[in-house]
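Scrolling down, you'll hit the structures one after another.
Look for chain A in each of the two complexes below; its partner is chain B in the first and chain C in the second.
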Partner chain A sequence: MNPNHTYAVVAVTAVVLATVLIGALGLRISRTTSDFYVASRTVRPGLNAAAISGEYLSAASFLGIAGLVLVQGPAMLWYPVGYTAGYLVLLVLVAAPLRRSGAYTLSDFAEARLESPAARRLASLFVVGIGWLYLLPQLQGAGLTLEILTGAPDWAGGLIVALVVTGTVAAGGMRSITFVQAFQYWLKLTALLVPAVFLLAAWYGDGAPRARFDAPAVLREHTVVRLADTVRIDLDAPLTVTVTGSVDSVRHDHRTVTLAPGTHHVLAGTELAFAPGTRVPERAAGDAGPSPDVARGDAPLASPGWSQPLAGGHDGHQLYATYGLILATFLGTMGLPHVAVRFYTSPHGRAARRTTLVVLGLVGAFYLLPPLYGALGRVYAPELALTGSADAAVLVLPDRVLGGVLGDLLGALLAGGAFAAFLSTASGLTMSVAGVLTQDVLPSRGVRHFRLATLLATAVPLGTGVVASKVPVADAVGLAFAVSASSFCPLLVLGIWWRRLTPPGAMAGLLLGGGSALAAVMATRAGLAPAGWAHTLMAWPAVWSVPLGFLGMVLVSLATPRRIPAGTPALLARLHLPEEFAAPVPEEVRR
Partner chain B sequence: MPERTVMSEHHPPRRPRRETVTYASAHAGGTAPRPAARRPVHPPARSEIDEQTTLGHTYVRALMRSQLRAALTALGALALLVGTLPLLVALPAPEAVVWGVLGVGVYPVVWAVAHWYVRRAEANERDFTGLVER
Partner chain C sequence: MSGTALAAGAAAGAVFLAAGYVLGRLTARRGHAAADLDLGTPVERATFHTLHTASLAAPPLRAGLTGETAGRAARTLRSLLGTEALCLTDRGAVLAWDGPGESHHRERVRALVAETLETGRSRSARADCADPACPLRWAVVAPLTGEDGVLGALVAYGSRESAVLVRAATEVARWVSVQLELSELDRSRTRIVEAEIRALRAQISPHFIFNSLAAIASFVRTDPERARELLLEFADFTRYSFRRHGEFAQLADELRSIEQYLALAGARFGDRLKVTLQIAPEVLPVTLPFLCLQPLVENAVKHALQDRERGCRVTIAARDAGAEAVVTVEDDGVGMDPELLRAVLRGEHPAGSGIGLSNVDERLRQVYGQEHGLVIETGLGAGMKVTVRIPKYRSGVHPSAP
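Take a look at the complex of A and B:
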């Protein structure tokens, strides 16, 4: 399953070195504090859009979507659609006013809009929380990828990403990040596009076999699968397989057995050899096997218990889960800390809008590719669905379909792209979390403290990842999207468009919406949710927690009309008026 | 590819934007009579806004309303064109249709809505500028 290790190691090393080098280039340019934080607002829309896209397309986009599509079929296409449409919602409701607010972080926005240090502190709490929730799976995912590619211990990848990111962010600040992110967008696109061309050519030369998602996938050739964890499989027809290991507590040593229809337990470490034409057995529903290897990043659905509602039959659960996903991704994007920070680098509101439009194009173009890998994976590597390493589909396809040196080289290119995905998202998150830590947590302000904050921003999730290695990678990011949609989406939308928002209202909404979303998903993950609708409702909180957040903000604001900040009319004028009307905004807001 | 289209769509409108900046209009050589007439004396509406009078707030509210209308129209289009798809997909649609719609078709639609919105929002701002500076 591994592409040639040497090529992969070289590719990953090259990506890391290029990141460090471009970061160092930025360091020479970045001189003043203003440069350091926000690239002096001189980042042009093209470059800035590539940087935003590069930052946004994390490993979930690069590896996770293909894996989900391989296992669960086209219903999973809602993920890339949601990730993209989130930018449209951001564009129409938030982009230009957020830029004109002059806020660098979401906490800055909360303070500027509400004139309340308490609201600022609460917002900071959510920024750091969401940022860490999002960083944790990036670092863990990097570890898992490096493990798959090179057999390195699982903490190594996370440590490498943390070190590189801390180094580049602390050294160069936003300017170098902008160059690094823009570079990584094009790297990721190339890394998916070039192999895709070769793979499609090979697929066409192969007679263009169709992937089937409505029936169990069929193995095309003799395949040996080694299960990393214990799984339950459901058979609706007898299965003949050569087993080395333990099935249903019976040990076999390279013996061909025929399993009757029904549920079977296959112990971790067992090797199953399938003859060509065998239908790949499916993992049983509710299989609670350890899920970290299912997901390599922020694909929230990947763990089996989690994915069941969306994958399960065409009933109300599935529809509800789809809308839960849609709401979380459509509305959650605007509140992701690393996304919001980027708008400050546009020179003015109009540029922020146009930048977002370019981002939509870049992100949308990218998302045409991962589903291709998922479909090809269903044809050429369907056994990945059984082993639970479906996210490896993107990485193993070149070797599987093309083979030889070409397959190794393309596999290495994909490995480099995957690492670029970890590095870029982790950089953006680190940057924004460190910004908030510098301003609101550490005592004094300045570049030196920013560097200290950078260290803190990566050390905490890295440490948590080592200690709490059982935290499922995918769930943390799904959680981040849902929490962001339920907390910062109401804050931004009402803050920008509603005059009567008050600090108590905003804080009540943040706590009600964000807090309940957090609690619901945590409870689901802890297995506290009862089966049935309660489980579905708690696993996909956005459908009810987003309205709860809005409702909390509106009702409490209406109940506290005397707390409307005095500067509200002036601030709203600044948010919405074209720049030529606005009173000059100080270049350094609160810094 | 798609992103190339985005870039080429993107670059031409950037020039006109620059001309709204006072520097650029000064360099334009007086082809437009507007800037020369405007600069020495602030028109009344503009100072209303600068000084945050009630009338000034009315102007700002009018702009906000037009921008909100544009935003809600775009969101409505998104809800109608994309938000209803799960209902469609829940029907036993042929797999190829699902692939085509969710894998490819959605992206140009989302981009087109975004493009419409950006043009609408900028037009709203131009109209507002025209109204206030006259």
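Take a look at the complex of A and C:
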């Protein structure tokens, strides 16, 4: 797509190198006793918040949101809202007590609160599961990015990210992850902000065309689209298009065809050339991707397409899916393994709360940008909706709008930012998943096991990514959020705020809520979900699985009142009292 | 569809593999049991059974003689003796009762055991039960002894007077007494560790105090401002080291105390002592045993400056390693003979220089388990590097209230 790949390759390499170097050398070093004090001071909320944001803003945020807005319009703005609001819930209910519990991972919290090794092991399984679900789209996004930038096969990008992350983490190279992640946040923000300024200027100079979301997008110039997958398109008006390839099982070789209104099958590999002013055809509802059945025209299912989870025309489905999204993102943030781990860096509960507040600001500022790219993409690159690689919108826009060397340079900056997103989230996730694997899943302890665990932590999602069906990045991340919201949200909220929680109750809730959400999500990803409402229910499980998780925990806890852990009152006091009251700190001497 | 099919195939394969593994393990275990069919003569089997029952009663008793542990032990002890009912008491009250008849016999136990508690001898007595249907006719009272004399009594009830029961009850009581003595041993061991921590606190050596004060005094005329700063460091350092409460502290606080220690040591040795600190800031909130790094640094400084005119460097590094923090203290001083060091860590040279090292090693092992002891790399003239791996979370480890 981009003839000049050199800039992009240089940018990606620079980001990878910077990540590795800062990870290995970014320690605070002091050579005289006089600046010891500075070096051994705990991390300030600002730095820690940048690190949390850097780790949190993944491929879904950097690429996915823009792609979804491009395809489906403003309804998708619930994604950035949900991703941000998750921290509000975290701030109000969880941040400070979680830090005061002294827990590093969520499994540690389960053990500290419930005093039960069994509950700890179950929590560990969910940490690993959520981590893998979240890693999968990161690696797939990396593959997509590299494919668009250099034409490499789609598994190459994921492999590079996996290798870099596994290598640095396993070799003990990530000696200090805070500076890496903070750097990545500012890099990502810059990478989106600078091109956005140029793009907006160009858009303004272009007469500020409006993006229309209520009508099919209109192509502004002659466009050739090459379809990677077989798709069905729905037309409500005749469409004149030049075809090289196969449409409705008829081969054309660079012939201009006028397609009648109705549904048409376009085989993978077909090139469609549209004249300027043509309306971009919409992918048909129920288009389940590269299915040979569909290509042969055998009774296509009338289910809403997976790639268009909120679409489908049924208002009930759409409303339900929106609520599912809101619940999953609002309540799921607190249970993400790499987010929980970062709070450990705060010196005390109050700092953890202040950190979360800053995170809200940083993440909120970042999320203003992706929707902008989505809207611009709707204007300048609407055909991406047809090819199914709408996630690439952010990357192709500079070339499309500005062109030339400036376009290439800005494209390279965006590519670097995208890789920063994959690397930061993937390394954070890998660290936490590998930590849990070493501690709770693999048989014995030791450095070598941590290396093995790191390998396992990235190999599984990498392998799954090769075989699993392609799903928009933001949606795939949404699945991890749904599982997290139905398992760890009840555990954390009830664990912190309800003194009658018992180990059997917690385990029942985890299994009922988290287990059912996980099963539904896996079934959907494997394509086993039946059509219609059942599909919608399973693709957006949070609406029913979160209450199920809470209900399971409360009811089973109430039924097993004798199993309330003995240390509960003392632990809850420690969670909710500021540290000064729990353990007197020696007063600071005037320096 | 092929991708989905592949994924489904892989998942099914994984499930089958797991199922096969579990089945294999189960059959292997069963096969193992079937292999040694020779279970011994009936007498041998009875002995095994008795030993097994006894071993079941041991763990609760190892925690000492309390209501809870006695309750758990009483059931197995009764099946060991095969009596109608069994009761365990301490010197003051009935701790546990297993078997029938508790309602009307319980209040009579005190009178029954009084003599045994006094004399420390077993005796057999009539249970004096008014209820003709009650099976508890005779009682055998046997003393439970610890280091400080009689701790309580074991009362076994039978339906008739029996010399066998007297003998058996006495032997069981003696066995229980051994367990109780072991539990006392456990407790005294923890008391020793606590005493060692207190000793370590008090171990801020008088030499260090004299030397620091002398160094400060030397600045009083020439550089009063520096002398004042050093005095404040000294005050901070001693306050932190002598603090009373809490077994654990945050790494940041420990490092601050080390900073003060090094400032005072630096005042004495001037340019000869060079220090480098490399800190990954995310491990600063890690909780670790109180004063477990300061002895390592003190040791490094001592080694670095021993018998040398030229300057030496001490490097303290803390880095992040997943669920653990890795702290290393390194010096390029005279080093140590590994054999001597091994002896020190075994505690065989209590007068040697390494008492701090062995104390820290033992405390780390006690808190975090055997695999978290000190790792020391050294050789004569090759400097020394001490590595500590501290888990970021361990239940029960938190900066505690007094």
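One rule holds for everything that comes next: the second predicted complex is superposed on the first by the 505 of 591 C-alpha atoms of A that agree within 3 Å, B and C clash if a C-alpha of one lies under 4 Å from a C-alpha of the other, contacts with A are read in each partner's own complex, and residues count from 1 in each chain.
The definition used in the following text is that a residue touches a chain if its C-beta (ideal position, glycine included) is under 8 Å from a C-beta of that chain, and two chains touch if they have at least 3 such contacts.
These figures come from a predicted structure and were not determined experimentally.
*Asks:* Is A:Thr178 touching anything from chain B or chain C once the two structures are fitted on A? First, second, both or neither.
*Replies:* second
*Asks:* Per the contact definition in the header, classify A:Thr105: touching chain B only (first), chain C only (second), both, or neither.
*Replies:* Touch status of A:Thr105: second partner only.
*Asks:* Is A:Arg251 touching the first partner chain B, the second partner chain C, both, or neither of them?
*Replies:* It touches nothing on chain B or chain C.
*Asks:* So in the superposed three-chain picture, is A:Ala85 touching just chain B, just chain C, both, or none of them (first/second/both/neither)?
*Replies:* First partner only, chain B.
*Asks:* Does chain B (first) or chain C (second) touch A:His222, or do both, or does neither?
*Replies:* neither
*Asks:* Is there a shared patch on chain A that both chain B and chain C touch, and which residues make it up?
*Replies:* 583
*Asks:* Give every residue of chain B touching chain A within the complex, in rising order.
*Replies:* Within the complex, chain B touches chain A at residues 1-3, 5-7, 10, 13-14, 17, 20-22, 46, 49-50, 52, 56-57, 60, 63-64, 67-68, 70-71, 74-75, 78, 82-83, 86-87, 89-90, 92, 95, 98-99, 102-104, 106-108, 110-111, 113-115, 117-118, 121-122, 125, 128-129, 132.
*Asks:* Name, in rising order, each residue of chain A that touches chain C in their complex.
*Replies:* Residues of chain A touching chain C: 27-33, 36-37, 39-43, 47, 102-105, 108, 111-112, 115, 169, 172, 174-178, 290-293, 344-348, 431, 434-436, 438-439, 445-446, 450, 463-464, 467-469, 526-527, 574, 579, 582-584, 586, 589-591.
*Asks:* State the interface residues of chain C toward chain A in the complex, per the touch definition above.
*Replies:* For this pair, the touching residues of chain C are 1, 3-4, 6-8, 10-11, 232, 235-236, 239-240, 243, 245-246, 250, 252, 255-256, 259, 262-263, 266, 274-282, 284-285, 287, 317, 319-323, 371, 392-393, 395, 397-402.
*Asks:* Give every residue of chain A touching chain B within the complex, in rising order.
*Replies:* Counting only chain A, the residues touching chain B are 45-46, 73-75, 77-78, 81, 84-85, 87-89, 91-93, 96, 213-214, 314, 318-319, 322-323, 326, 330, 350, 353-354, 356-358, 360-362, 364-365, 367-368, 371, 375, 497, 569-570, 572-573, 576-578, 580-581, 583.
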